[in-house]
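All remarks here apply to the structure that follows.
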């Protein structure tokens, strides 16, 4: 086979792979902008005849066709829960990651292993006892209850990533700063923290995506507009016998957009985070 | 007062610092994971039913475990889960490796393609489930529409209704969602690969396949194991996908351990039993993670020698 | 006036003791070099002086203060690290001024002192670059600049030249010496390179396994090594060490019998310190073992014997000659080089008054720890 045929083949294969990766999501998003009749049409209408914002109007309760799904409240809950839990997980993660990267202490390996293992507990398995305990404490269907769970869910991974990043920074830098007149605290904030920023950012994105997208726990710990998040809200569209495809597609668009925007802004950090934390950690 | 200053001094002494720094993390894990798990371990020895709170104190010993271990449905779900994970993770690795090698070869648009690859990673598993429920829908799904339009089939193929097809559809969704992690990490590995060993191998007379098999692949394995470790932390996300696509149906033929737990715990309100199953699933998850993590540690060790 | 004093200083990691109760007095504006093989405790000692390691036992005094419990920032020291430890996210200017900024000096003051330091080290053109954009030698200069900007009582150097290539190392060595002449502060300098130690130090502290083996000026440790370890560590090529036994010679003059039936008289200064029958190690520097008519010191008491030269390494002004006595390889030196064709038998002169005698069982110089 000549080099040219080879390269043509690899181009074609690459193109098909990219198509498989992008088509399903794009098709769903596109459908969010199509009227329901067109989606359901038989035989299928391939080229959209008409693009419309009706589906969005409907789920936000604007215009004639209204759907009794409080998407706005879900959206607000999702934002509050995801950002708050991410912020806390990052603070806890910096603190813990720093401890693992910089100190030697008894039970270090055991503690690290314990934290990581806590992350392996499947959400649905964890949801059962948390559900019972939260119910007793009155935390079911509260934003607080879900935030707490998401912080715990994210802490092991943020610690793992941030630990890896702090380890990249030579210990001598903080020592030099201390000799230069810094307290340990100053040395951390002026030298080590700025250098670990990109790692912390990537840990933050992962934490945010996890909280934003989580379903197994949220679906069992939330009940109403008090705390229901977007992924849980998506299932509202599935009524007993019918599925509102158009509405769901519009909702999917709403869920994916913030995650997409955020990820594209910091994608460099994401890849660095994934590789760094792991290989050298 | 002196006690307080004493505590303060102890807190800021060098030996105590790491423990103080780790305290928030440990407290979080204690409240949200460890205490509930201890509690659920207890309930797995009771006949606890959500509908009857007094049953929380009805100790039944190992009855729940005996029951699930002698339950045919449980074993089917268990082995289906293990088989599903084995197939899916291996396929993700192979596909991810293929994609990484492909993109590494392609000289133009690498960055764009890497960005595109991150696309599925941002999707909520529930969204992935919904998306493929939509695509595989026998009536309005794009797949059947396409097959019919191309004249490959006249009848609607019941993708999510037939047991085997549904399992395949779920596996497809799962692979679509997670192959990127492998591809991205393996691509990063290829970028980080030193050129010297490759050239040394060529000088030593290796052909392309031998070079790949003996030099490239061993170098990439730590990256693959990171991906697998990250992936195994999240294996139970498949619950979201299955729950939306088929809900474990039809007639339990796509039931995985996790959907079975949810059904037993929430729908049948049989918490004691569900918690017993949950423990089996936790051990399964830990086993997967431990396996990949130990591989990662071993692979890292020999990688250290090459640099 | 800033003296540094270490009194019975001990460093333990758990059960493991790595520095064993060392004593050391360093005078004001003295340049002291701690030297020894890796793992000898020299860096740990320096880091204890800096306050980066806790002191397990004993006392460290800087000036008139016991600093045991003081954090690094309160010790008025500065340090140059082996890997420079430049702050990667700051420009050269900010790196230099960081310490002053932390100490809350005024901007104009900071500027003035940073410019001064930059001037001394020739960093003028590089002020707005980041460390990543500098060469190894430039980074080294910035690290030194950062140390002098704060005008501390004591400078600590932790193997500062070990990451430079050989040529640059020699150049920076000279610059450090110049710098010391100029600022005249107390300097404590750690290295594993004995050449660096010899060329820089007012006094050398030779360490091994957490003990101080010898303290002295470069010439003292060279001319009077207290034991075989110091003898082999200082000097290049290293001192030849040959096993010997003291025997009674003719006319009451004791002799030392080496292998291959070579005997040499006991050197004058060692005569009173050895007995017949004692096993000794004879230390001979290659400089003092030269073929007849080719040495630099043919004067003084000499003894001569024949050796077969198997390999020679011409270095230009001199040639290193490799031979054997018994099973031990010995090196000699030849000035006025001439070609040597393998296995040539030459008559060598040995400058007897420069021969060192160590007790074979203890390894100590028979003259004792005090030089005469």
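To keep things simple, chains are lettered A, B and C as they appear, and every chain counts its residues starting from 1.
Note that a contact is a pair of C-beta atoms (placed from the backbone, for glycine too) under 8 Å apart; a residue touches a chain by one contact, two chains touch by 3 or more.
It should be emphasised that the depicted structure is a prediction, and the values quoted were computed from it without experimental measurement.
Q: Touch graph across the chains, line, ring, star, complete or other?
A: line
Q: When A-C is set beside A-B, which has more C-beta pairs in contact?
A: When A-B is set beside A-C, the one with more contacts is A-B.
Q: Subunit B to subunit C: how many Å between their CA centres?
A: Computed from C-alpha means, the inter-chain centre distance equals 58 Å.
Q: Can you check how far apart subunit A and subunit C are, centre to centre, with Cα atoms defining each centre and the answer in Å?
A: Here the centre of subunit C sits 58 Å away from the centre of subunit A.
Q: At what distance in angstrom does the C-alpha mean of subunit B lie from that of subunit A?
A: 15
Q: For subunit C, what residues touch not just one other chain but two or more?
A: None at all.
Q: Residues of subunit B that touch two or more other chains: which are they?
A: Touching at least two other chains: none.
Q: So in the complex, the part of subunit A that touches subunit B is made up of which residues?
A: 7, 10-11, 13-14, 17-18, 20-22, 24-25, 27-28, 31, 39-40, 43-44, 46, 91-93, 95-96, 98-100, 102-103, 105, 108, 111, 114-126, 128-130, 132-133, 148-149, 151-153, 155-157, 159, 209, 212-216, 220, 231, 234-235, 245, 248-249, 252, 255-256, 259-260, 263-264, 267, 270-271, 274-275, 278-279
Q: Could you list, by residue number, the parts of subunit B that touch subunit A in their complex?
A: Residues 15, 17-19, 21-22, 24-26, 28-29, 31-37, 39-40, 43, 99, 102-103, 105-106, 113-127, 130-132, 134-135, 140, 142, 145-146, 148-149, 176, 180-181, 184-185, 188-189, 192, 222-223, 226, 229-230, 232-233, 235-237, 239-240, 243-244, 258, 261-262, 265-266, 271, 274-275, 278-279, 281-282, 285-286, 288-289, 293, 296, 300 of subunit B touch subunit A in their complex.
Q: Name, in rising order, each residue of subunit C that touches subunit A in their complex.
A: Where subunit C meets subunit A, its residues are 50-52, 71-73, 77-79, 81-83, 85, 87-89, 98-99, 102-103, 146, 150, 156.
Q: In their complex, what parts of subunit A are in touch with subunit C?
A: For subunit A paired with subunit C, touching residues are 170, 172-173, 175-184, 186, 190-191, 194-195.
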